[in-house]
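Below are structures written as structure tokens.
Same chain, two partners: chain A is paired with chain B first, then with chain C.
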Partner chain A sequence: MTAYIIRRVIIGFIILLLVTMIVFLFVRLLPGDPLIVYMASYDISAQTIDEETYQYLLAKFGLDRPIPVQYINWLGDIFRGDLGKSIVLQEDITTLMANVMPRTAYLGAISMIIGTGLGVLFGIIVALRRGTRTDTIITFMANIGITVPQFWLGILLMYFFAYKLGWLPTSGWTSPFDDPLMHFKQIIMPVICLSAAGMSGMCRLTRSCMLEVMRQDYVRTAWAKGLGEKMIVFRHQIRNAVIPIVTVLGGTLGGILGGAIIVENVFAIPGMGRLMVSGVFDQDYQIVQAGVLLFGGIVIFSNLVVDITWAWIDPRIRYD
Partner chain B sequence: MAENLNNSTEPADVGEAVIPPHHSEWRRIARVFVRRKISLIGLIIVVILVICAIFAPFIATHDPLKTDLRDVHAPVSTKHFLGTDELGRDTYSRIVYGTRTSLTIGVIAVTSSGIVGMAMGMSAAYFGGLVFALIMRITDALMALPGLIIILLIAGLVGGGIVVVTFALAFGAIAPTCRMMCGQALHIKQNDYVLAGKAMGMGSVRMMVTQIFPNAFAPLLVGMTMAMGMVVLAEAGLSYLGIGIEPPTPSWGAMVNEGQAYILKNPLLSIVPGGAIMMMVFGFNMAGDGLRDAIDPTLRGAI
Partner chain C sequence: MAAILEIDNLTTNFYTEYGTVKAVDGVSYYVDEGEIIGLVGESGCGKSVSVLSAMQLIQTPGKIDSGRVIFDGEDILQYDSKGEKMRSIRGGKIAMIFQEPMTSLNPVLSICRQLTEALEIHLDMDIQSARERAIELLSMVGVPEAAVRIDDFPHQFSGGMRQRVMIAMALSCNPALIIADEPTTAVDVTTQAQLLELMNDLVTRLNTSLIIVTHNLGVVARYAQRIYVMYAGRIIESGPSEEIFENPRHPYTIGLMRSIPRLGEKRGGRKLIPIDGMPPDLIFMPPTCAFLPRCTYKTKQCQEEPWPALRQVGEKHRTACFVDIGEKE
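Entry: the complex of A and B
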């Protein structure tokens, strides 16, 4: 077990390093110069870029050094918890993100729990009632759920529940400590949008895993030896069907984080997604870069936790 | 069957009459596929949308770019099937032309990411060892970055526009294709015909092109069909955020965004294009599902 954990942590670390490399190279190799944007934001009338100022700024932000040196410096800063300073906003990115990240993490966690929980539950129900009308309806809904664009779902919900019925506020964010009721009302629609795709994907996957397990010899044996249905479903089928489901949890989390970018913009929630999209519009590459790293880090870390937990529960995995 | 065996021992005697009819694997796949109603519906949706894209000028009733400030926010009528937008452009025609935008980007992004991802996955599986470790770790790293985020990074750094968006979407789709192809190729590599090829002195490239690729083609096709849905959805998301396709090119995602401001006055403006996105993604997903189950039900979960 210890050997497995060590190996898994090392692999996770290598992947994280590769992520930083990919992100860094992207930013350097793709066209687009943040310094020019920065300079233009201070002097809009300037038609040409003042070469002297440009060189001065290059040196100031350390952009004149060789790329490997820049990368090492940047990496060192990141591991010290310093994500750099936004050139455009002139603010410390770590502070900036510490303010908005909790909101995204909070919404993401709720959506993850609801999406996975309900998705697996529905998947089990439809697998047990395969071929019935319940199965047809829920499976169809799940097929719609993985298809529907999140922003469109958000606008539809907003149109009906906020504008037409007036039950919920259209958008915005209130801290749960200031006004818990308002907070609850405001997060209902974003959470539905964020969890819909994950829930549907989970439902489809659980259904097919359950159907796969039902065909196994040990299930037939269990029936043959006269075990009760409840015993077979809970002890034999669900326990085995859940293994492949757990392996996709990291991907589901990634999907939810990606979805947060869109949903936060639909419902005007000041989280990571909003920050990153405004970073894109300002060509503030450092914000986008830091956001990508943060999201990547979260996904890698949660994959690691899932893998280790699962190896602990299911010893077969350790020997892969 | 017994007759065939006899014939195969006497090759000289094989006449036209005794050769059994050639049962195409594709024909079997088509039969299973058609039997599943939902896959068939998906395929029909895709075919209709492709026709819409190709014959857009004949199907649309107006020029999708032509503004008419005397006729803004027109209601649904026989002249404007779905009304007009805030600039007096015909919503129906813009949706028809939007099919072109979505499908063009989707096909180019999926094909190019398919080629690159396939080459990477196949080399990883075929060469093994260090090449495998390197390629798969890069794939892992790319998979750790949620799809939309990596696209956001590229599109954000370089700016929007069709070319950048297509490149970004293609890049985002490489990792899943690579991983799937690698899994398939590892499986195929164990077959005796690969060993036979090696014994004959086949080179690596020839082996991959003539032996491994044709045998991995069917699952790859399924993967690419599914990827179409993902890419179309991601493109719509980017365009909705305002990072993707630049106006005035009709793009469904951007149309939803533009219509959002007039949701109370003219709800069709953003609801209909969103529905179109959903139809297209649904079509590709269901067709892909059906294709996968028809080709090999055991692939469920692997793709």
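Entry: the complex of A and C
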């Protein structure tokens, strides 16, 4: 088991290395120039700048070196715990992230818990009531939930609940410590958007896993023993049904993090997703790189946790 | 001797999209206290469905359409299939052993848990005494180092060992009857013999009745006192084992006997003759005898009249055939 974890961690590092390498290269290949945005913030137009100043700025941000050298330098900084400095915002990325990441993590965690929790719950309910109207309705909604694009769902929710009904504020972010009620109202729609796809996928997966498990011989054995339905569902079926469910949790988390990029922009939430999008628009290489590193790291780490949990639930799996 | 379980005119159908599968069609049989009976027949003839129906373990699209299952003087088919009364019978008074040792145990629960849960609900044992009893049961069925292996998971057991666990599980609550649905089909011949001897020993010792469902005639010949032969959802012959073996009276049974080797028979002595043809499709059953297309004894009467009912041909021997196939040929 320890050997397995070590191997997985090493593989995780390699993947992370490759991902950051690709992103590092691609942000630099994109047309545009962060220095122009940087200068624009000082009201200097790109046309008026002289070559000398431009070269000076390039050197200042280390952009004059060949890309591989830049990458190695960046990596070295990372290992020293320095994520670099935003070119456009002129701030330490560590500080920037420390400010915005908690919001994303918070929304992500809530969405993850609600999405998986309700998804699994609904899945179990419809599996136990398969063929009934409850099953038809919930399964139909889950199918919609999987296919609907997040930005569209966000705008739709906004249109109805904020604009038409006026029940919720359109967008924005308030700290729960300043105004808990406002905070709560503001996160409702983002959380719905973030959790919809995961919840729907989870519901469908749970339903099919439960139906699969119900047909298994050992469930018949459990009935033949005289156990009651509740005990059969909870002790014999759910544990077997969740084994495949656990494996997709890593993917669900990845989906939520990716969704945060869209949802935070739709609802104007100053989180990691918003920071990354502004980083992309401004060609602020450092922010994009750091964001990808962080999200990638989270996804890889959570997948590792998932696989270990899997071994713990299913006694047949022993990693070595 | 009183019948411990009596199945009377049981009919179970599966309502599939292709039509109604008449899996069990008016089947009656009984088992006496302490008796071992055998239920034999080709694959798909409705053996499993008939015993699962008795336990009300048939799932949709299957439905028990008529019949009675008398246990302890009561028709247990009248009980709610998920209700208290039916549950106290399942596992408590009638236990089952299934064919597939690999899939019949829950892979994520320890052997201990799977053995103790029945003890807890039927015998009201607490966890500790249930565990002790489970260890006792495991060693009784011949699992070595039972006290250690009790905490293993099913995948750590071989097929034969798992089937021993199933036997232990079936015996755990001292049921009056055990139904073993092809308990040894999936294991090798040596293990098969060991398991059958074990089961036979235990049920004889505990005076438990046993229904062995199998397509292996050798098995029933050795252990069963009486035999029921099923074909296409019906019982077509029944009687004491020796009688059925010595003097089969239904062409299908005769065919079965000819298609199996006998112990002590000289090599190349008697030719083994398989039964030609296929059993009928249970959705499109002919109005006449279902064995007719494969029968070598058929007469004009067989082609004109509906499927014959069972009729007496010996003291306890009954057959569903018009033709009087003589004593021996």
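Definition applied: the second predicted complex is superposed on the first by the 274 of 320 C-alpha atoms of A that agree within 3 Å, B and C clash if a C-alpha of one lies under 4 Å from a C-alpha of the other, contacts with A are read in each partner's own complex, and residues count from 1 in each chain.
Heads up, the rule we're going with is that a residue touches a chain if its C-beta (ideal position, glycine included) is under 8 Å from a C-beta of that chain, and two chains touch if they have at least 3 such contacts.
What you see is a predicted model, and the numbers here were worked out from it, not measured in a lab.
Colleague: With everything superposed onto chain A, say whether chain B and chain C fit together or clash.
Modeller: Verdict on chain A: chain B and chain C fit.
Colleague: For A:142, using the defined touch cut-off, is the partner it touches chain B, chain C, both, or neither? Pick first, second, both or neither.
Modeller: In the superposed model, A:142 contacts neither chain B nor chain C.
Colleague: Per the contact definition in the header, classify A:222: touching chain B only (first), chain C only (second), both, or neither.
Modeller: Touch status of A:222: second partner only.
Colleague: After lining up the shared chain so the two structures overlap, which partner does A:120 touch, if you call chain B first and chain C second: first, second, both or neither?
Modeller: So A:120 meets neither chain B nor chain C here.
Colleague: In the overlay, answer first, second, both or neither for which of chain B and chain C A:240 touches.
Modeller: In the superposition, A:240 touches chain C alone.
Colleague: Which holds for A:231: it touches chain B only (first), chain C only (second), both, or neither?
Modeller: So A:231 only meets chain C here.
Colleague: Could you tell me if A:83 is touching chain B, chain C, both of them or neither one (first, second, both, neither)?
Modeller: After superposing on A, A:83 lies clear of both chain B and chain C.
Colleague: Using only C-alpha centres after the superposition, what angle do chain B and chain C make about chain A, to the nearest 10 degrees?
Modeller: 70
Colleague: In the superposed model, does chain B or chain C contact more residues of chain A?
Modeller: On the superposition, B touches more of the residues of chain A.
Colleague: If you stack the two complexes on chain A, which partner ends up touching A:152: first (chain B), second (chain C), both, or neither?
Modeller: A:152: touches chain B, not chain C.
Colleague: Rounded to the nearest Å, state the minimum C-alpha distance from chain B to chain C in the superposed three-chain model.
Modeller: Taking the overlay as described at the top, chain B lies 11 Å from chain C at its nearest C-alpha.
Colleague: Taking the stated contact definition, name every residue in chain A that is touched by chain B in one complex and by chain C in the other, in rising order.
Modeller: On chain A, no residue contacts both chain B in one structure and chain C in the other.
Colleague: Which residues of chain A touch chain B in the complex?
Modeller: 11, 14-16, 18-19, 22-23, 26-27, 30-32, 140, 143-144, 146-152, 155-156, 158-159, 163, 205, 208-209, 212, 244, 250-251, 254-255, 257-259, 261-262, 265, 276-277, 279-281, 283, 285, 288-289, 291-292, 295-296, 299-300, 303
Colleague: Which bits of chain B are touching chain A when the two form their complex?
Modeller: Residue list for chain B touching chain A: 38, 137-138, 140-150, 152-159, 229, 233, 236-237, 240-243, 253, 256-257, 260, 263-264, 267, 270-271, 274-275, 277-278, 281-282, 285-286, 300-301.
Colleague: Okay, in this complex, where on chain C does chain A touch?
Modeller: 55, 57, 59, 82, 87-92, 95-96, 98, 100, 103-110, 117-118, 121-122, 153, 155, 166, 169
Colleague: Which chain A residues qualify as touching chain C in the complex?
Modeller: 215-218, 220-229, 231, 235-236, 239-240, 243, 313-316
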